[in-house]
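There are two complexes below, and they share chain A, which is joined by chain B in the first and by chain C in the second.
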Partner chain A sequence: MKALDTLIQYGQSNPSAAVQEWKAAGGKVLGYWCSYIPIELIYAAGALPYRVRGAGATGTDQADHDMSPVCNCSFPRAVLDLAHRGVYDFLDGIIGMNECDHGRRAFELWVERLHPPYHHFVYVPRTRKQASIRQYAVELEKLKASLEQHLGTEITPQALQESVSLCNENRALLKQLQEVFQEDHPPLTGTQRHHIVNASVSIPPETLNKLLRELLAEVKQMPRLDGQRVRVMIAGWVGDDTLVHRAIEDSGGLVVVDNCCFGARSYWDPINFDPLDPLGSLALSYLSRLGCPRMFATFGDRFAMLEQAARDYRVDGIVHTRLQFCDLHGLENVFLTRRKQQLEVPVSATLVLDYIGQDEGRVRTRMEAFIEQLGK
Partner chain B sequence: MPNLKGFQFKTYDFSKRLDTKVDLIEVINNTVAKAFRNQPEPVRWIFEPLLQYIDELNYCREHPDKVVYRHFTFAPEMVYAMDCVSFVPEALTFIMPTEYLCALVDEGREMGMPDHWCGFLGGVLAPIMYGRLPQPKAILHCNQPCDNSVAQGTVLAESYPDTEMFILDNPYTDDEAGVQFCAEQLREGFKYLERMTGQKLDLDRFRQVMKNSARAYELIYQINEYKKAVPCPIPTSVILRTTSGAFYGLTGTGGLVQWLEKHLADAKMRYEKGIGGFRQEKLRVVWNLSWPVFDYSVYDWMEEAFGAIAVAYHSAEPFYQPPPDLDYSKASFEVLLRELALRNNNHAMGRQGRGHMMTFVDDSLKWCREFKADAGIFAGHWQCQANWAAAQLTKEKLMEELGIPMLVMVVDQLDPRVVSAEQMASRMEPFLEMVTAKKEGSVQ
Partner chain C sequence: MAIVAGCDIGSVSGKAVLFDGQRILASAVIPSRPLPAVTAEEVLGLAAGQAGVSPGDIAYLVGTGYGRVKVPGAQKTVSEITCHARGAAFYNRDAATLIDVGGQDSKVISLSPEGSGQVLEFSMNDKCAAGTGRFLEVMAKVFEMPIERFGGAALRARRCLAISSQCTVFAESEVVCLIGQEKDMNEIIAGICDAVAARVATLVGRVTLREKVYMSGGVAKNQGVRQRLESRLGVKIWELAGDPLIAGALGAALIAMDALNKQRP
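Our next item is the complex of A and B:
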C-alpha cells in the first residue's frame, strides 16, 4: 500500500491499525484533549499520545445526559459519547485541559462518570506573560511527575529531547507537504491532506515520519490535479471531520491551506527546545505558537497568518467556520469583517457547523454558492 | 397556562427599533436611576449601592484620566486602592432598560456576533467597538468565569489597540498554589496600573480598601446567617440585584460597608421579630445560577402562588467564609496581595466557573443544606456552559445527599425574547406543585 493510502486510512479510523499494533506490542496509549498538551512529554514517558476525536460518532445522546445540547458544543459531546459507548476503552488514560469551557467539562465528566484508569488535568494559562509561562512550566512538571508515577518510568532529559526532535520532524514534514499546495496544480486534494493531519495526531511519531517521507517522495511522481480550481483557505474550526473540505472540493474548489485546530495550528510552528530549561522552553513554545482564540487577544497572530498564507498560496477566498456554541471562535467573524479589506480576498460569512454533520445539505449549498461567487 | 392568579408580568414593546447610538450613561440616568430615586422612603435605601455605582459611571465622564475598565469578576479593590474609578462595561447591560439591552444585542448581531453570545457582554459589543463609551486609561481583564470573557478580551484589544491590557490568568485550582499564582500576577497588576494611570500606589489606601472589603464580606456573611432562619427574614426579590451589583461593583468602598450595615440591621430586626418576606413562607428554594434581570416579579409570582421563597442565590452572591481577622492597618503589601488574590479566586461567578465543576456542585449542596432548602432551581443562563455541564450532576447529588429535587431550566438572564417570565413560570409551576405536595406529605 502506498504511504498516501496508509495515512488516509489511519486518519479515517478511530483508532487506527497503527494504534492497534502499538497496543498489541504492549504499548500504553494516553488520550489528550487539545493541542496545547505537549505530546513530547507523553511520548518521552513511553506512551503513545492519542488526540481524542469525534470520528465515528453517530449521535450524542449518551453525552447529552450531562452536557445539554441547548448550549454545549457538539464536538466534545461527540467525543464524550464515544467514550460512553466504549470506543475509547483502548485508552490507558486521559489527559485534559482548559482549552474551552465545553472541552474542560467534557473531560471532567469523562472522569466523573467513566472512571478511566488514569487521568490528569493540565491547567494551561491563556496569556504569554512571564508569570503564566512559569506557571505552565510548573504544570508540565506536575504532568511529568504524574506520567512517571503512572507509567513507572523516568522521563530523562535525553528522552525528552529525542521526543521533541521526533515531533518537530513530524511538524517539518507536514509543513513540507503543506508547501506542495503552493503549486498551481498540486497532486493532492485538501481533503486528503486533512485526513493526513488527522492521522498525524494519533499514530506513533516514528511511523508518521517514515510515512511522511515516503509520501513526499510519492507526490513528486504523482499526477497533478487537472482543471482550474478555486483556491480556498479554511479558517476557524473544522475538527477532524472532512465535510467542509469535501463540500468545497466537490463544488470545484481546492482547499490549499487552513488555519484550523485539526490543521495548520498543530504543525505550523516548531518547538524551540532548550535542554537547559526543558519544561520552561516547552511552556514558552506551546503558548507562543500559532494558536486558537483560547489564548487572550491573539486574533492579530491568526490574522497575520491569514494574510501571509493568502499570498503564499494565492488564495481566491477564505471560508470562515466555527462550531455552534463556540464562543472563542464565535467573535472572530466580527474582527474578520472589520479587517477583511486588508486580506484582499473574499471571506465567507461564518459557516456554523454541527459536528455530527446532520446538516450536510446546508453546508454543501453554502459552499457551492461561495465557490460560484469566486468562480474562475 | 400557568397559574398566574391574576399576576401581571412586565410587558415590552420590541416592535420599534431604539436608537442605540446614544449616551448609555445618560439613558441610565434618565430611566433606572430616576426610578431608584423615586422609590418610597421605607425601601429607598435598598437601591443606594446601585445609585452609588451610577454616580461612579457619571464620574468617569468627568475624570477620563481615572477610568480603568474592569471585568466584572475582577475584584474591584485593586482599582479603588489606586484611587481610580472602575468602569465595568458589562454593568451597563445589567443596569440598563431591557429594551435598550435587546436593541444593543441586535446591533451586535448585525456586526457578526453569534446569536448565542452572552447578552452581558454582547450588549456592549457595539458601544465598545464603535467608541461610544468613555476611553479607558487602563484595562483589567481576566479569564473567568467563561469563554465569553476570554473572547471579550479580543474585543477590547481590537477596540483599544493603543491601550495595553492587564489580563489576570485565573487559576483552575483553589489550593495555595492557585492563590500564589494569582497574587504574583496582581503584584504586576499594580505596577501596570501605576504605569498606565500615573498614580502611585499608597499602601495605607490599599490597607483601608482591603479593610472595607473584609468588613463587607463579614457583613454579608452575617446577613446570610440570618437568612438561614425560618422564615427567611429578607425579602428576596427586591434585595438580590442590589446585593449582587454592590459586590460586583463596589467592594472596597466605605459606601458599601455603610449600606451593608443598614442591611444587617434590617435583617436582625426582622429576624428578632420573626418577620419573613412580604408573603408567608411555605417552601424554601435555593436559586442556582441566573435570575431574570428583566423581570424580578418572577419571584413575586413564586411567593404569591406557592409561598416559595428563594432564600439563597448561588453564583450571584458571595457566600464563602468571611476573611480572616487581620489588623489591616499594619498588614504588609504581601499579606494584602494574598487577600486580594483570595477575593479574585472566590469572586461570585468566577469561583463556580473557572475551576472544576465540583465547586459548583459542592456549593449547591452546601447552600441547600445550610439554608434548609426544599428544592433547588437551576435557571441556567444559556451562555453559562461551564455551569450547564454541572447541572445534571448537581441534580443527582441534591437528591442523593439531601433528598431534594432540582428543576433544570433554560433562561437568558437579560433577554426576555429568549425565555419570557411567563415561560419561566410555566416551567416552575408543575415543579413547585410537586415540591408542595411532597412537603405536605401527599406524595413520596
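Our next item is the complex of A and C:
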C-alpha cells in the first residue's frame, strides 16, 4: 500500500492499525488531551502518546449524563462519549490539562466515571511570562516523575533528547508536506492533508517519519490537481473532522493551509531543546509556539501567521470556524473582525459548528456561497 | 428565443422563475412538499404552464435553496446567497445591502456597488430558528392567525411587549404566558416581530452596512418585522421592485442565462 493510503487510513481510524500493532508488541499507549502536553516526555518514557479525539462518535448521550448539550462544547463531549463506549479501552492511561474548562471537566469525568489505569493532570499556565515558564517546568517535573513511577522507567536526558529529535523530524516533514501546497496545482487535497495530520498525532514517531519520507517521494511523482481552484485557509477550531474541508473542496475550493489545532499548530514550529535545561526548554518552547487562544495575548502571533501564510500560499479567502460553546475561539472572531481589513483577502463570517452531526447542508451552503463569492 | 429557469427549493416554499433574457416570463410559488424533487417538478410545471411552454423547453435550469441538489434536470446548483444577491440587483441596481429572511435561514448580504449582484461579504444565522420565518410560523399557530395578517397586527400595536427568549420553543411558552395574562394581542405580535428583528439585526452587525438596504424572502412581506428592523438599524429598508419571495429563483434564472450564453459559440 502506498504511504498516502496508509497515512489516510491511519488518520481515519481511532485507533489505527499502527497503534494496534504497537499494543500487540506489548507497548503502552497513553492518551493526552491537548497539544500543550509535551509528547516527547511520554515517548521518552517508552509509551506511545495518543491524542484523544472524537472521530467515530455518532452521538453524545453517554457523556450527556454529566455534560450538557446546551452549554458544553460538543468536542470534549464526543471524546468522553467514546470513552464511555469503550473505544478508548486500549489506552493504558490518560493525561489531562486545563486547555479549556469544557475539556478539563471532561477529563475529570473520564477519571471519576471510568477509572482509567493511570491518570495525571498537568496544569499549563496561560501566559508566556518568566514565572509561567518556571511554573510549567515544575509541572513537567511532576509529569516526568509520575510517568517514571507508573511505567517503572527512568527518562534519561539522552532519551528525552532523542525523543525531541524524532518528534521534530515529524514536524519538519509535515511542514515539507504543507509546503507542497504552495504549488499552483498541488497533488493532494486539503482533506487528504487533514487525515494525515490526524494520523500524525496518534502513531509511533518512527513509523510516521518513515511514512512521511515515503509520501514526500511519492508526491513528486503524483499527478497534479487540475482546474482553477479557489485557495482557502481555515482558521480556528479544534476539530479533527473533515466536513469543512470537504464542503470547501466539493464546491471548487482547495484548503491550501490552516491555522487550527488539529492542523498547522501541531507542526508549524519545532521544539527548541536545551540539554542543559531539558524541562525548562520544553516549557519555554511549548508555551511560545504557534498556539491557541487559551494563551493570553497571543492573538498577534496567530494573526501574523494568517498574514504570512495568506501570502505564501496565495490564499483567496479565509474561513473562520469555531465550535459552538467554544469560549476560546468564540471571542477570537471579535479580534479577527476588527483587524480583518489589514488582511489582503476576504474572511468569512464565523462558521459555527457542532462536532456531532454537523448539519452538513448548512455547512455546505455557507461554504458554497463563500467559494462563489471568491469566484475564479 | 431561449428560455431559462431558476428553481429555489426552500424549507417553506418552492419558487420557480422562467426568464427569456429580457423579462420574467412566469413565476410560481407553492408550499414545499416533503420531497424537494416533487416540489421542484410541481413548481416548474406550474410556471411553465403559465408561460405556455413545456418544462422540456427550458434550455438551462439552475437549482438553488436548501433542496438545490434535488431539482430534477438542473444543470447547475448555486447557493441561495449568490442567487438572492443577483435577483435583488436585477430588481434594484442600487441595492447595497440585502437582508433575506426565509423559512429557516436569515442572511445579510453586502453587494458590489456597480449593480452586478456580486457578493462582497455575507453573514448567516447559526443553527437556530430564531430570526427566521419558521419562528413567525410557530407563533402564528399559537394565535390561530394566518401569517399574512401578522405584520398588520404588529403595526396596529401601541407598544411592543418584550419577548426575551431567543429559543423558539421557550419564546412560544413566553407568548402563551402573555396570552394567559390577557395582554393585548397586537402588542404581543409586535413583540414577536421585534424578536425576529433583533436576531436579524445581530447578523447585520457582522457585515458592513451600506445603503440602500432592501429585503427579500417571505418575511420581507411582513411590515411588522420590517418596521421593527428599521427602528433597530436606524435605516430605511426599501421594497424591491418585484416580488421579494422569488428573488432567489430569479437570481438562479439570471445565472442560468449567463451559463447558457457561455455555452453558445
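Everything that follows uses one rule, which is that the second predicted complex is superposed on the first by the 374 of 376 C-alpha atoms of A that agree within 3 Å, B and C clash if a C-alpha of one lies under 4 Å from a C-alpha of the other, contacts with A are read in each partner's own complex, and residues count from 1 in each chain.
In the analysis below, contacts are C-beta pairs under 8 Å (C-beta built on N, C-alpha and C of every residue); 3 or more make two chains touch, one makes a residue touch a chain.
Please read these numbers as outputs of a predicted model, since none were measured by experiment.
**Student:** Contact-wise, after the overlay, does A:346 reach chain B, chain C, both or neither (first, second, both, neither)?
**Tutor:** second
**Student:** In the superposed arrangement, which partner chain does A:365 touch: chain B (first), chain C (second), both, or neither?
**Tutor:** In the superposition, A:365 touches chain C alone.
**Student:** In the overlaid three-chain picture, which partner chain does A:65 touch, first (chain B) or second (chain C), both, or neither?
**Tutor:** first
**Student:** Which partner chains sit in contact with A:44 here, chain B, chain C, both or neither? Use first/second/both/neither.
**Tutor:** neither
**Student:** Based on the superposed arrangement, let me know which partner A:373 touches: chain B (first), chain C (second), both, or neither?
**Tutor:** In the superposition, A:373 touches chain C alone.
**Student:** Who wins on chain A residues touched, chain B or chain C?
**Tutor:** For chain A, the partner with the higher number of touched residues is B.
**Student:** Applying the document's definition of touch, where does A:354 land relative to chain B and chain C: first, second, both, or neither?
**Tutor:** In the superposition, A:354 contacts chain C only.
**Student:** Quick check on the superposed pair: does A:143 touch chain B, chain C, both, or neither? Answer first, second, both or neither.
**Tutor:** A:143 sits against neither chain B nor chain C.
**Student:** Show which residues of chain A both chain B and chain C reach, each in its own complex.
**Tutor:** Of chain A, residues 324, 337, 352 contact chain B in one complex and chain C in the other.
**Student:** For chain C, which residues count as touching chain A in their complex?
**Tutor:** 66, 78-82, 105, 118-124, 126-127, 206-207
**Student:** Of all residues in chain B, which touch chain A in the complex?
**Tutor:** Spelled out, the residues of chain B in touch with chain A are 111-114, 116-118, 125, 129, 141, 143, 146-148, 150-158, 165, 167, 169, 171-173, 177, 181, 184-185, 188, 353, 356-358, 380, 382-386, 388-393, 410.
**Student:** Across the complex, what residues on chain A touch chain B?
**Tutor:** Residues in contact with chain B: 65-68, 70-73, 98, 100-102, 104-106, 108-109, 112, 121, 123, 125-127, 129, 131-132, 135, 138, 293-294, 296-300, 322, 324-325, 327-328, 330-331, 333-338, 350, 352.
**Student:** Under the touch definition given earlier, write down the residues of chain A that touch chain C in their complex.
**Tutor:** Those in contact with chain C are residues 324, 337, 346, 349, 352, 354, 359, 361-362, 365-366, 368-369, 372-373.
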